[in-house]
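Here come two complexes built around chain A, the first alongside chain B, the second alongside chain C.
Showing the complex of A and B:
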């Protein structure tokens, strides 16, 4: 075995080297320059300690962004999960149409965020030529639904953008949950049916325990990706009108305001959240890496 | 079910089936509705759209499509998108299948550390490495706007997930196959090329499909590293946004041009795509 070892390091090295060059080393550089006055243009650095972090923690917009990320996470942990579980349970018994429904549900998921965001902006949410123009007269001005009259206004822009992202995302959960549900031992299901369990009892006592690991893993992944979410917000509002996220905040600080110190500090804060969640992820997969 | 108010359980079951279909159809309509809106409006004039986006086209406005093709610079965009995704797929396939084999077979002493590294890297935020990498690309290497170079960046971004998938596909191959080939005198290269790669080929296609679509749809890296000149197809559509508010038919045609290829590709390779989504997510 020893004799072969070098050869196997050679085989794994392309993947490792590439990941190291593009993710690990620049990542470590971020860790370093977050504590300097790096200006993004040249590499003469002065140590400034935690000044960059003071700057972002004093910035109201940073805290707004963090709050929005938390709201976003809560929305994604509930709405798409509920739709995904419901549709997956219903699809479980559809023999002939199962594949067709999965294809339709995944349609928006395989499209580019740019495509999805732009189609919603232009044909649905556009007040001049979109569907909104047709619907608006029927939304009363003083009702609970009134914010829907201008869905990209500061009060509701975050929810509108989240709705579009959820529209594109939930089909993925349907497919994953369905695959997990299909692993349920058929004898258990039949035994419960014989004993007269109704649909809800069947789900609660037979299916849910089987798919629980998958459901939990999805919770972790949804939380991670909710803290990293970027595309839909950037394209639809560019973080303006009350929908700033940590990712758009970092991006705009670097590439629009040239405040690289704040950008890298925010990147580090995001990574800290990400690392916390990856810890759970690795912990949940511990069985696979045990010797 | 026995307590069902309509008496006969047969009716109850029929009603249950009917309402299940209703719910499934409702969500199908939600998913497809906006896409169908794009389709019908891509064939209409701006005035027809402004009057009623729900009306069906009376005649097809082919001009929308030719105009959109030019405005979005899609000739350039599609070539660049193909080069970008192609580079990412080839680089990932080469690196990830070798790494997956090594990690699945626990061929090296530190396999556990590397497995955890790739696991953690799946969820690393782009903002952790974006800014120094941009500096490197722009100021040191002068690679801004270089499509194959950006393809390599996307390959690195997709590498952890791909390694993970390939590892799980190699884990499903019985160990005896490799042992038998070794006893027959095959070296590692021959084991991989003649025995293992043919078996995991469906897995490799799955990885290629997933990475290909990711690269095709990617926005953050391509937008930052390709700038505004050497654009991809998605960036071409992005550049049209907001400029053609009074030519909504052209805008919809441009959107349709971006919707059709991934959807067609997805229908063709659905089995591999769904396999890729699911195999990363099933636990226990």
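Showing the complex of A and C:
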């Protein structure tokens, strides 16, 4: 038995070594850099303990960014999930056009973020030549819709960027939820319909329990991605006042201020939230297995 | 039979191609030069004026240019790893200094002596690329903040070129009352645009002596004169003078588009904006003479006209390139640092970005028309003002990196999220860190 174990270890060792080299070693080095004053350029670095964490926790921009990341997460845990579930349920009964709709919905998702962002910036949001120029005269400055007049101003920029990212993302959720919904045993659905269940009851008591593991998994992934989000924010606003995220905050520290140690410390905080979501998912999964 | 013949032919073609390709490549050593993703028609200009002429001038090296929008962050990643282009583009001396200090850039002092750059380049600009007295970067272009104006609107409204802040504000108020933008500009997609407006007020409202004292640490960044200048910039923003509700939703291209369509009298911007103007002011549109430029007025008691001394980018030599390649890169930089190149780029169709900072120019503006004439005129006036000592300090040329990056966050003050005092306290904290890291350089003193 022991001989076989050795052979197993031998067989997995290349993959293990590769994983260690590209995941473990950079991960540990990253962890170490967070406790140094490395500027990312020279090999001259000093151990500064937790000073980088003190600095970022003392910085109001960090707390603004963290607040924005939390807002972003809440937006993504609700709006695209609701749209995705609704459209998936609507597509479930469509036999012929189901595939076509999925392809259409996936369109924005398969386009590069920079393409989507530039399309929105130039065609819709551009006050010189975009759709905004046409509709702005009809939006009074003192109305509730006034923020739409300047969609990238700091008070609404976060929501505008989130809207564009949600536009690109919800189609993917639709496809994932639809795939999960199709796994629902048909006999359960038919039995419920025979019992007179309406659409809401059907969803609540038949479909939702079936797709719950998928919904939970997507919740965790959305949370992780929300704390890592970067492309749309960086391309559309560069972060900054109103839409600074932890990722753009870290980027600015690394590439503009040459404070890599502090950027890495920020990155660790971002990872901590993702880790928290992962723990939650593992805990839920184990609970489900026990049940 | 046909399929077999076709297959053999394709294989033969591939074999011949593969065997010939290395032979062709071996003939010349490639010199890599990366820069930001300029518009395609501008890329054609530099290929014609620099790349093709250099490659035709000798048969040992081949200059290859790559245009990429993420050039700053890519260079910051690959240079410390011993890679990157041979001719290193940097977005200003402040960006380059840490790389020079870390030994990733070659000391250009021997080349400076060989080619006489120290005498040829404007002294304060030359100095901005030195670290510890040695040259590590040469700015490719002068870049000064000023005011682009719409001559059509000026004529229609009977406006005169303003010489004081009061006159300038009066025209902007008049424009706003007509439903026009007071000025067009914005930081969409490039937040560092904010620093254009901090440098305007720091130099033209607080004054170059105050800026010099702050850079050198003689006064704190929380000084009352600096606070007043930042407050003035916030007043302008809140009065809708900086593109009103569209500041965060316009980039330079959008802004020039609006200026050319008579929707604003002004565009406060750096002289590199001439390169964006080529899309809207051209012979096809018949409006080449409708764009004007004048230096920003100064507060009473400060030098006027004064030109802020800034740079568009810097050119350096990769320390890890082979010595013979470094020599070749130096010769290419020497080609760029000439009046011939400056004129060639402006006339070729890329004015704005290659205002080579040579101290002695022999240009007759009457030989030029349109945007080339306008741009070369600005460069000439800037050089004259600098030689006379009337210059201010641009952050990308003279401020240390964290201080410069923190000043970009001024928009938090403009929108009322942060007080001037708290903002300047954060600038001072960044400056202290720069100073501790040895990143503060002593700029040329005001007045030369």
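Heads up, the rule we're going with is that the second predicted complex is superposed on the first by the 255 of 291 C-alpha atoms of A that agree within 3 Å, B and C clash if a C-alpha of one lies under 4 Å from a C-alpha of the other, contacts with A are read in each partner's own complex, and residues count from 1 in each chain.
Going forward, a contact is a pair of C-beta atoms (placed from the backbone, for glycine too) under 8 Å apart; a residue touches a chain by one contact, two chains touch by 3 or more.
Only a predicted model underlies this, so the values are computations on that prediction, with no experimental measurement involved.
Look at chain A after the overlay: chain B and chain C clash there. Within the superposed three-chain model, A:240 lies in touch with chain C and out of touch with chain B [touch as defined at top].
By the touch criterion stated above, A:129 is placed in contact with chain B and with chain C alike. Of the two partner chains placed around the shared chain by superposition, neither chain B nor chain C is touched by A:62.
The larger set of touched chain A residues comes from B, when the choice is between chain B and chain C. Once the two complexes are laid over each other on the shared chain, residue contacts for A:175 go to chain B alone; chain C is not touched. Using the contact criterion defined above for the overlaid structures, shared-chain residue A:40 touches chain B and also reaches chain C. With both structures placed on the common chain, the touch criterion links A:230 to chain B but leaves chain C unconnected.
When the two structures are aligned on the shared chain, A:157 is found in touch with chain C, with no touch to chain B. Shared-chain residue A:121: touches chain B and chain C both. In the superposition on chain A, contact is made by A:255 with both chain B and chain C. Common to the chain B-facing and chain C-facing surfaces of chain A are residues 40-43, 121, 126, 128-129, 235, 251, 254-255. Those residues of chain C whose C-beta lies close enough to touch chain A in the complex are 72-73, 76, 79-80, 98-99, 101-104, 187-191, 245-250, 254, 257-258, 401-402, 404-406, 408-409, 411-412, 415, 417-418, 422, 430, 433, 437, 439. Considering their complex, residues 39-44, 60-61, 121, 125-129, 132, 149-155, 157, 235-242, 251-252, 254-259 of chain A touch chain C.
Residue ranges on chain A touching chain B, taken from their complex, read 4-5, 7-9, 11-12, 14-16, 18-19, 21-24, 26-27, 29-30, 33, 40-43, 83, 86-87, 90-91, 93-94, 97, 99, 101-108, 110-115, 118-124, 126, 128-131, 133-134, 167, 171-172, 175-176, 179-180, 183, 196, 198-199, 212-214, 216-218, 221, 224-225, 227-228, 230-231, 234-235, 246-247, 250-251, 254-255, 260, 263-264, 266-268, 270-271, 274-275, 277-278, 281-282, 284-285, 288-289, 291.
Residues 1-2, 16, 20, 23-24, 27-28, 30-32, 34-35, 37-38, 41, 46, 49-50, 52-54, 91, 94-96, 98-99, 101-103, 107-109, 112, 114-136, 139, 152-153, 155-157, 159-160, 163, 188, 213, 216-220, 224, 234-235, 237-238, 241, 245, 248, 251-252, 255, 258-259, 262-263, 265-267, 270, 273-274, 277-278, 281-284 of chain B touch chain A in their complex.
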